[in-house]
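The data blocks that follow each hold one structure.
Shared between the two complexes below is chain A, which pairs with chain B and chain C, respectively.
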Partner chain A sequence: MAETATGSSTLPITVEFTGGLELLFGNERKHNVALPAQLKDGSQPNISYLLGYLVDNLMQDQRKDMFIMEDNVRPGVLVLINDADWELEGEEMYELQKGDNIVFVSTLHGG
Partner chain B sequence: MRARDDLSMENLEDSCASLRTQIAAIEAQLEGLKRDLANAEAAVKSEADSTGKPHEGQNDAGNRWPLLPEEYKRYGRQMIVSQIGLRGQLKLRAAKVLLVGAGGLGCPAAQYLAGAGIGTLGLIDGDTVEISNLHRQVLHRGKNVGKYKVDSAIEALRELNPHPTYIAHRTHLTPEEAPAIFEKYDLILDCTDNPATRYLISDTAVLMGKSLVSASALRTEGQLIVLNNPPRRPGEKDGGPCYRCVFPKPPPADSVVSCADGGIIGPVVGTMGVLQALEAIKVLTAPETDTAADGSAPHEAPVMQIFSAFSNPQFRSIRIRSRRANCAVCSAEASVTLDTIASGSTDYVFFCGSATASSLLGPDERVSPEEYREKHPLINTRTNGEPEGSHTVIDVRDKAQFGICNLENSINIPISNFLASAPLSTADLKASQLPSWLPSELASPESNEPIYVVCRLGNDSQIAVKKMKELGLDRNGQRYIGDIRGGFRAWREQLDPDWPEY
Partner chain C sequence: MAPTLCFNCKEARALIIRPKNRHKLCRACFLEVFETEVHETITTFKLFYPGERVAIGASGGKDSTVLAAVLKILNERYRYGLDLCLLSIDEGIRGYRDDSLETVKRNAKQYDMPLMIVGYGELYGWTMDQVVEQIGKKGNCTYCGVFRRQALDRGAARLEIKHVVTGHNADDVAETVMMNLLRGDLPRLSRGTSIVTASGASEIKRSKPLKYAYEKEIVLYAHHRQLDYFSTECIYSPEAFRGSARTLIKDLEKIRPSSILDIVKSGEDMAVLVPGETNPNGKTCRSKAAAEDEAEAGGCGSQNGRSSGGEMAAMETQLAENEAAGSRETEIRLPQQPKPGSSKTQKPIKRQVMGHCERCGYISSQRVCKACTLLDGLNRNRPKTAIEVSASMDDEEISSTLARQMEHTQLTNS
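Then we have the complex of A and B:
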């Protein structure tokens, strides 16, 4: 486990869940997350890494497919990187920066 | 023979009502035509005005002003706002807007649009008013419970503003009818409550060249997005994105929560409906964009508004993508067309799926409320004095629902606890590492009392039973664990008519 982070420094970001996704994460909307600043292969953590991290460390509900399907966010979930759709930022390959705000929004359908 | 008389009386009344409705519809249509004529005449006049010919002292007083005297007073407060002006007011009066859904979003949206003087407002909804709608669907009155929502809404809208033409479509939107209905309108508002209809509305709006103001809400949150704005033909990249550009795949049906199941705070959905009316007014009164030097019209980048009542800040604007290059509807590679929609080969119900019908448990793991009561009578007056049928009832509804009404001596363990607990290994079981939320008296190996699980409708209770068996609480079948079939809804029907229905 010690080898997940080769560098000693961490990368602090905030992660938010809305639209009902917070129910999968202990009913907490906002989480402060410290990722390793560098992964063992020398790369920087990207959104793809974050997804795995959240499932392993933050998600409480056991129904993983309510959040992740086929190693990606499930259909109907928007990922926002600093208030922009992740599709404008490189999707799961986006490399996280210190202080980034990542929001996962489940679409609502009621009316 | 009384009954038969009553029956034919009823028939006559029905046909009177139907004739009255038809007359009202034709009158509304006539009014609309008159207004169209007035608008056309006004347009001719303002065209002439803008070419600089003074009309002062024109002999025909009826043509002197484009609005009726009452309309100047009625709309004055919005007309003096520079973004609207007389120009905007005339556009609103000439506009035809369709609201799909006359519920929590549609009511406030329609109310503000009618108030603002939209020329023609169409409402489509096949539902009737229920008492559980009234806390948020603000156009409907208690006396209209049971009436079509569109009729109830139009009744209130007419009282508010008699000028617009109101058109009632008393049906749910279907793929067969959608194009013909949309054709009569300039702008569409999606005020519906399910993914299949949302895709149908967006697809039809794109293919009919209409912009779409789409909103949704649940619990304490709402979302709003203006789609296909500007409206462009499929393949034209400068058109606004459509619903499929943003959500190319529908969410899994199990993840879709309705207001009936998840709950909704009235002003939350109201806020979103009011914002829809505002966006509609903005779209309808937008100045004609000056075509830029390169021929492209400058347009604001598409955004989605997210409202979260209990967050700070409450509103959040997020930048979203533009048209998707391989969108199934609005790209050059489109596979969805008016033909595929009308023929049914674009199958919305199939596309969005339906939540898996829940029968996780076998018949021997379920009891009806009546069977439960037979086994465990309410007042135990058996002579042997033994507290016959000692047992445990676990209520897996969430805390808020448990707080509304609960059975005496039932234990509340919300379903979220069960869903959060990982499957245990046999080692865990041996070490009796049971989850901390499980009351120790239930977990104690001495206890063999049966456990009954109950919830609102009888779905979550089955999940909980399965989980408890996985945890080994049934002692390999020595202890009965089952659910109460149909939950508290069935409980109310079979045992206790006073049980609150919420």
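Then we have the complex of A and C:
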């Protein structure tokens, strides 16, 4: 996940963390994220890229394994792409679109 | 990409894939199906009777919040005639329960239900913060579990309510089945799977209306209904045995989503094989041990106690030695009995004479109830602080305090 932007154009999206995951991200639920519109290899950023980006740039907690496992979302963490289960959209291969709202909800936390 | 349409209405965009059957549903259909299934659970198992007063064990977490929301909707939609209220336990853990209790207070307003909060500090003279200060983090879940059970009962008694519902979901039950399977504890496995627990240690009935609901769907329900809930992890509960069981079933769910309900089903089927624990129509016998299970399963961190089960099991074994001995004995004898399910064989299993704890008056098969036994241990060690405080005492007082302290040390060691 070391790709960097080739151009200056960015892809703005919003990312939300709930269900306890916000604790890993400075206790902030909603984040505005500007991803590079195109990656070094010419591809568009997908969810898989986003995960690496979030861990490298946004996570403020050492407990990475509460969120990521084996380079993918940890089982028990739900991913919603514009409110739809990410399984309906191609999971980590989904290519992000301008203005997308990506929600990560942990089911692992209690009350 | 053309959006997938809802399997149910074939009109709206599908947003949810149901774990149990992979059906793709839109928001409105999902909410309705979820509610209808809880309604079916309630009617199938006849959980309530018209006019019943029911307390919802509310932690402010996703499960109990969804339970409160759904029960309110169903109660109105199907005219159950229930009188619902929220019952919360304040374990006295700063930075954990105080925040989630604020959520419960908001829920009480949102759902227009009365709320009662009972606190460990007020009931036992010990908050969990103080307990942990005294005994350390190891094994503290045992105290919390035993205290919670009694606290819920006492809260319900104050409200003059005989039925407490909790937010345990299918994942919680599957977790408990796995844990007990891994411990080799078949009797407890059987008790953990029952939807209604009526325990000899309590006059108050417990039930789990969300027993067949996937945690994933509970979270999605809360998300799509925009419910106000609080997520956190108990600061004292380390992820150990239950944590591993949890990870295991979440991994299984990823590969084969139906696994979770399948584990629940297996647990129920195995329960039938356990003599004397469960009668054929799925109701548990009145056993004191069931109370312990509830205490263990109940409450902490989404009342699902993401606690170190290993330690707890060890502690509980120690605590329950007397009572457990009786049932173990019968387990050995049972194979010689021709009809293990008959009432005759049940007789020697657990004919506990329920009385009242001589200290606190709580229903107990023992002279002193478990909470009081634990409190004894805690209070016995309090002189530690007494000595520090005793700087202003005169020598005679100090020496007598010391003497008492010595006695207690000996008692503790023996």
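One rule holds in what follows: the second predicted complex is superposed on the first by the 104 of 111 C-alpha atoms of A that agree within 3 Å, B and C clash if a C-alpha of one lies under 4 Å from a C-alpha of the other, contacts with A are read in each partner's own complex, and residues count from 1 in each chain.
What we mean here is this: a residue touches a chain if its C-beta (ideal position, glycine included) is under 8 Å from a C-beta of that chain, and two chains touch if they have at least 3 such contacts.
Since this is a predicted model, take the numbers as computed values, not measurements.
In the model built by aligning both structures on chain A, chain B clashes with chain C. When the two complexes are overlaid on their common chain A, residue A:L39 makes contact with neither chain B nor chain C.
When both complexes are overlaid on chain A, the residue A:R29 reaches chain B alone and has no touch with chain C.
In the superposition on chain A, contact of A:T18 is made with both chain B and chain C.
Of the two partner chains placed around the shared chain by superposition, chain B and chain C are both touched by A:G76.
In the overlay built on the shared chain, the residue A:D61 is in contact with chain B alone; chain C does not reach it.
When both complexes are aligned on chain A by C-alpha atoms, chain A residues 18-20, 23, 74-76, 78, 80, 83-85, 87-88, 103, 105-111 touch chain B in the first and chain C in the second.
Those residues of chain C lying in contact with chain A across their complex are 1, 3-4, 13-17, 24, 27, 59-65, 100, 103, 171, 215-216, 218-220, 223-224, 229-234, 246-247, 250-251, 253-254, 300-304, 306. Chain B makes touch with chain A in their complex at residues 101, 103-106, 190-195, 198, 215-219, 221-223, 246-252, 254-259, 262, 264, 269, 272, 304, 306, 308, 311, 316-321, 416, 419-423. Residues 18-20, 23, 74-76, 78, 80, 83-85, 87-89, 103, 105-111 of chain A touch chain C in their complex. Those residues of chain A that touch chain B in the complex are listed here as 18-20, 23, 26-27, 29, 60-63, 65-66, 69, 74-78, 80, 83-85, 87-88, 103, 105-111.
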